[in-house]
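The following pair of complexes shares a single chain, chain A, combined with chain B in the former and chain C in the latter.
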Partner chain A sequence: MNSKAPLSVPERVSPFKRDPALLPALAAVWVSLAVFVLYPVIRLFLVTFMAEGQLSFANLTAALSNWYDRQAFVNSLWLAAAVSAAGTLLGYVYAFAVTRIALPPWVKWLLGAVTILPLISPPFTSSIALTLSLGPNGILLKLLGVGNFNFYGFWGTWLSETLTYFPVAFMTLAAILSAVDPNLEDAALSLGASPGRVFRTVTLPLSIPGIANSVLLLFAGSLADFATPLVLAGHNFPVLPTQAYLQITGLYDLRGGAALSFLLLVPAMAVYVLQRFWVGKKSYVTISGKSGARSAFKSKGRLAEGLVTGVCFFVTAFILYLYSLILWGAMVKVWGVDNSLTLENFRYVFTHGRKAILDTLSVAAVATPLGGLLAVVVGYLSQRKKFFGNRAMEFFSLLNYALPGTVVGIAYIIAFNEKPLHITGTMTILVAAYMFRYSSAGIRAVIASLHQIDPSVEEASASLGASAARTFFRVTVPLVIPAVLMGMRYLFILSMTAISSTIFLVSVKWNLLTTRILECMTELQFAQACAFSVVLILLVFAATAVMAGLTRLAARRISGEGGRG
Partner chain B sequence: MNRVRILVAALLMVAMAGSAAFASGELNAYSIMPEKYASQVFEAFTAETGIKVNFMRFSSGEALARVVAEKNNPQVDVILGGPADTYEAGIGEGVFEAYRPAGADMIPEKFRSPDNYWTGIGIIPLVFLTNTNFLKEKGLEAPVSWNDLLDPAYKNGLQMADTRTSGTATERIYSLVKIWGEDEAFVYQKKLHKNIQMYTKSGAGGAMPIATGQAASGIFYIVDALDIQQQGYPVALTYPVEGVSYGIEGSGILKGAKNMENAKKYMDWVSSKAFAQFIVDKKINYIPTRTDVEVTNPALDLSKMKLIEVDVAWKGEKRKEYVERWINEVIK
Partner chain C sequence: MAVALELSNVSKVFHKDKKPVRAVDGVSLSVSPGEMVTFLGPSGCGKTTILRMVAGFETPTGGAVSIDGRDVTNVPVNRRDIGFVFQNYALFPHMSVFENVAYGLRVKGTGEADIRRKVGEGLELVGLKGADKAFPNQLSGGEQQRVALARVLVLEPKVLLMDEPLSNLDAKLRIHMRTEIRRIQKQLDVTCLYVTHDQGEALTMSDRIMVMNKGKVEQIGPPRELYSDPRSLFVADFIGQANIIPGSVVAFDGTNVLVSVAGVKIGVRAVKNASFTPCAPAALVVRPENLMPSEEGMAGTVRTATFLGGRMEYEVILEGGGEVLSFDPFLPGKKTFSEGERIRLYFDPSVAVALET
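Coming up: the complex of A and B.
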């Protein structure tokens, strides 16, 4: 690897000729995207905007003429902007602490483990814990002697969504920051720059692809999130996905609700274009195949380090507190009334919820590897191969993520409840929904980390005579593996905890844990809902630990083979 | 190359469809009735008939959205529970099959669909649910009039359902309109709005905050309020002297049901005396629609409350108008 990189790029020939695997791979991706992304959306679009054989936007204009829906649109944008800004900032602070500050390993482990909590618990549960703490007569408010403040509305929703989504930012940014060679920073330091200046002029600019991706993911995530506002936004702060859901389930108006959801696509697309523009054509290459040994961390200034660790500590403590509330809720007989401990709620979970637990695990276990594969292939093709339509491919792969889950759910039932693809009521529909909706984080991460890898590394492999497939598997895949695994972990977690699209896709044959939790919430079985959440959290923790073990194993094998090859 | 082929095949595998085949001797159902009640009801049905039931629980709106989306290829045969208005909305979408169950004669006509698309299996009046710790703290009695809720002591303390999403909330408006007439009803709600802490999305959503003392009081269907009380929370249930209207909990068969015979057996059973007696015995908190069963719980005793009759068809006609008026006059 350290031998001289070839000076000239191989002659320009048709990419298809150079790489015979490209065409089938492209075809497979496009076929899957067409079937599971485009087709349902088009079907829903037709149901929404076709009236008596004619295209009609009456549904949309009706929604736009209504002050409440207009307000909801504006609120959604504000909320998404605030959540993506705060979440990315907090995620960056965490990522910085883990990758740039010399903390003891167990502290880093703790930070990583605790930040998974908000991700792996269904949003309803954490919203309820927040309400019990900061809502009217909340525990924390009483403890601190603070009077009631206006929790329902913007602040509650913003807080809850920021806590829920910042781990995504953390995961994305930690992958990026750990790939930025500290030698670059050290070089700047030894040239006399202050730690602050190094951060401003070296670290921060190099992490821009990560920041842009995190902003995009969080903005889209918040924009499409309906569960949190459902509990916390109240009537004063309507947001669009909740309005769409209410339009469908409350006013029995599928077309109106779907029209509102299509409206959501406009800001989602705008942010996508914006982040492309921002990341632009600049180079973020830090893995060039020419780097030397990694140096130890240099201090970043005591004040900055103190501030960063302080923030991490505070947020971590708050999250732990919230989840201990849920654990407590699962273990007592009647919250606040009869505080005697009981295992009755867990017994309920393992008898009445056993099928849901098994179903959830099977769906997640199947969706995760397939989604990881999708992420690598789409990320690689759209980033590395130049061919007609690769931008479109990248865009369509993100479409389902940007649409509110309820709409994806509805679109899937409309599209897949009849021939030729009758898959409602099966596991396939759930797996497909999760794969094509939640691989986005993996795809974004792969793209972001490919931004960092100098194509010359791959070209070196090619010029040494390796086939494109061999280069892909032996060079590219090992380099993007941290990003893929991050994406797979995210996909797995979301497959276990997703609720919005799931509501419409579960069936009498396939029932999932999150819908059971939602049921318990709406049926006022607070303790059972908490017990389900605790079990779900433990399952995801156990499963991610297994995945981490497998990863290490795989990484060792790949690097071992690479050494021989 | 080979590995690429395998990857491609794996990707395509997801595209392969597996069709669900339903065996006979089964019944598939969506339940709008809470899961903990539905599981008992279906268990009893299976014990009675030997027909195995697969079911899922949804809120009324979700269940309706699903059956409408699945119209061309219904995934379930029947719906258990859910307000009559949901069924009326479904009739408009053409998703229900008309069937007059064997026990229909013993169920008063006002509790059934005129065209037999749905049959009422229980009724649920509105009731005030109030946290008794709150009452003690403020030195108040539990509210017995709609006007009691206007007391400034309840400021920022009321949680009740949002009209746009919840049948409980529209029921509240129907009650008020029948008591005071349209304009007065909205004037009252405007005043009530000053004491509202939050309008919840689901009808029962406010019940838990009231149980835990985060909110003081609210208006709910009796089935949800009684449930909270039976769980042991410090709450009081009271009926307003002006009266309340009630919801009808229905059941019906979906058009194109794959197990039509079993679905009919099921409808016969839920309109039977045995079923009515079953929900009374099991403390499933609906008041049976059949006139030949005696209710034991005093909170469900019809003679202890003033019920206001509201025609189901009228509810369906007025719903949209009242919701819009509520958005533009009450919460704006």
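Coming up: the complex of A and C.
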């Protein structure tokens, strides 16, 4: 970037003159985005499309002509479609129950709490529990008296991914449903419509933007999911992320892996673009103004309410069952063989797994504040400063998150395994992978909160004689702190629980808890896998509780100061 | 055919943070067919809650609502035949103006040709002919308000309920729309309940006004009666500007009362059903336009004098304590007072009223 870049507001003084800190900040952001986002993707493209020193489709055609890989491509899309449909439906049912039905507060709390569990658990949790219940010798199978039932393949993966991802749909849809002005439903009722008709003609159409968003999010999530199919898909149901992984770690075929991850990248990018440019625009802004009284919940009809609550209770009970299974699994000697209780597995975790625990915590602890800083700077620059390329900056800062983790992981080993940036095997690469991939939530939150804060607040500070830097640190930063902390919490959780990108990046020197769980699973050490999962969930829980407390404190301080000032 | 509406001893208790709040407390009201009654009162006094109970959005904790002689307390809102105009209009943002207005007709199963005709008529009635293809977010606040009105009017509801329908509009449009609404309401001869904060609106539009305070009815009556015969200090203060002058009772004969105010004995009308006892405190309600400088009357000192074109406004501190406002029509050559000057104020006792305190 140079200072002669065309300005979108020509009559103003160059922003770089008014604000001397802008140029270095901008340069730092662009350099890091170039190195950790653009460069790996470009290298991935080069490896995919270069064969023997020239441009060619050879790698791609090789992958596409392989029957098994083609099947993986089709399976991936089909699985993603099925998961996104089922997850969105389930999420809608939950969101409807919480926002539209008069349930006692503790029931709503329970429904919300249960949807948090999959979000903070490592991606294997439901796979492990499902294997223990429905896999060979599964306890649910024994209970139901079903003898041979092959759960591996599409159904197992679909079930597990639906349970893992529906909370995302729930959060998206609950937000949209609670934003639909209850007066609109009241108005339809007062015009004579029955509750069913109100749902069909008002509630449902108004939640379509949320549904579309949720479908896309879940599609992308399932498409990129690596852990679940690795455990549950089996050989008869290959999917792209696991195929790419096996290609690289099993066959040492970097080109083949790159080609497969390129196949994965295409639908993922399509979803990202659709989401940004189509769903983003299609939302109904509610007309402002005092909306009158809060509406009490009106009956939606016995049958509908019974059905919705019934589904919620059943799913909630099933999730609680799965998690208690993990806890139980962690405390028995040998699963299915010797069911006597023991703490041996936890001892194993804290001795043999000690290094992984410390490594995971250190990586997360370093990535989280750096990611928070990135979120503030990118969010602020792209939202408040008008200069050429700030849309592109926002796009690239969110790109790594849109790409499936497997793609990012493969791109990173291609890019950073040789000079000039030979950092594979170090902590840096793990931190970078997490920081540039998972700060997206923080960036979005900062942008959203800056959107709500009127620029006149900052202008007031400037008019009182504060420099741009002072305004930024004394006015803007305190106002966006809650958003940043929220983003950091999210970054921390994912840094603790993610595996898809970092499975390629761990080394003897730096190992992670999630990869240890995977090792235990592949060696059929279910008890140890369960114990690792329990410890990881508890760690995440404790850390997020602390950060949630900090967020609340910061929010209180800010509103408190606002009140006094 | 307009219908009657009856509220008998209606109450509503909400639970806020586990504590019960009596939002509406034993309200009774009977509205005759075709009448327009406005609810006036400070924020939070329960106006919206009453309206929502009449609509059926809220179930009363006690009491009954009947429309056209039929008890509808437990009838769901979609079978009550009411039209509700929301403060924020609540237009369906995903439907065009036409579809918004046609919504209720479609629910009823009206034929397509009839729908087209009625929607056209409805939009014409509110002066929005030809806007049927627009979407709500393409309309101005006043236009949205009129669509909301048309949407309920095409259904020919038995009762029209409006909750501060004009509060999001600018002052000029408000004045225009209030005459429009009143015209349409009379033309269609529909019974109407109307909630407002704005006493100007209440005084100009209604057949009767119900003044509320803390969930209870303070007074119900035609606008002029409320102005000239406020039943309580609250009503006196809430409707128009009022001087409330403290005094003490000298004698009482059932309809008139002799009160001693600022050293002067004055005979005025007593509030209905009053029981004044000699020497008890009383309060005189005197409108500022009835309190004018003169040779005799209550003595005091001018605190501020403001020239408003058509009149002078004096804030006067009375000798016996208390502060009053006086409006004196301004004519060239007439004596005006300035700040700090001594002044005597006189009022016509026949248009003042004494209340118990």
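FYI, the second predicted complex is superposed on the first by the 328 of 565 C-alpha atoms of A that agree within 3 Å, B and C clash if a C-alpha of one lies under 4 Å from a C-alpha of the other, contacts with A are read in each partner's own complex, and residues count from 1 in each chain.
Just so we're on the same page, a residue touches a chain if its C-beta (ideal position, glycine included) is under 8 Å from a C-beta of that chain, and two chains touch if they have at least 3 such contacts.
The model shown is predicted, which means the values in this text are computed figures rather than measured ones.
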### Query
Between chain B (first) and chain C (second), which does A:Trp106 come into contact with in this model arrangement: first, second, both, or neither?
neither
### Query
Thinking of the overlay built on chain A, is A:Arg197 touched by chain B (first), by chain C (second), by both, or by neither?
second
### Task
Give one of first, second, both or neither to describe whether A:Thr131 is in contact with chain B, with chain C, with both, or with none.
first
### Task
Have a look at where A:Ala187 lands relative to chain B and chain C in the superposition and call it first, second, both or neither.
second
#### Entry: Contacts of A:Tyr252 with chain B and chain C, given as first, second, both or neither
first
### Task
In the overlay, work out which of chain B or chain C sits against more residues of chain A.
B
### Task
With the two complexes superposed on chain A, say which partner A:Ser32 touches: chain B (first), chain C (second), both, or neither.
first
### Task
Using the touch definition from the top, say if A:Val377 reaches chain B (first), chain C (second), both or neither.
first
## Note on the structure
Shared chain A footprint, chain B vs chain C, residue numbers none
### Message
Help me check something: in the complex, which residues belonging to chain A touch chain C?
### Response
181, 183-184, 186-195, 197, 201-202, 205-206, 284-293, 295-296, 298
### Query
Contact residues on chain B for chain A in the complex?
1, 3-5, 7-8, 10-12, 14-20, 28-29, 34-36, 39, 54-62, 64-66, 68-70, 72-73, 75-76, 86, 89, 156-157, 162, 164-166, 197-199, 201-202, 204-205, 207-209, 211-215, 224, 227-228, 231-234, 320, 323, 327-328, 331-332
### Query
What does chain A use to touch chain B in their complex?
20-21, 24-25, 27-29, 31-32, 35-36, 67-68, 131-132, 135-138, 148, 152, 230-231, 234-235, 242, 246, 248-252, 254, 333-338, 352, 370, 373-374, 377, 410, 413-414, 416-418, 420-428, 431-432, 435, 467, 469, 473, 503-504, 506-509, 511, 515, 519, 522-526
### chain A-facing residues of chain C, complex
48-49, 52, 55-58, 76-84, 86-94, 103-104, 107-108, 136-137, 144, 151-152, 155, 163-164, 167-168
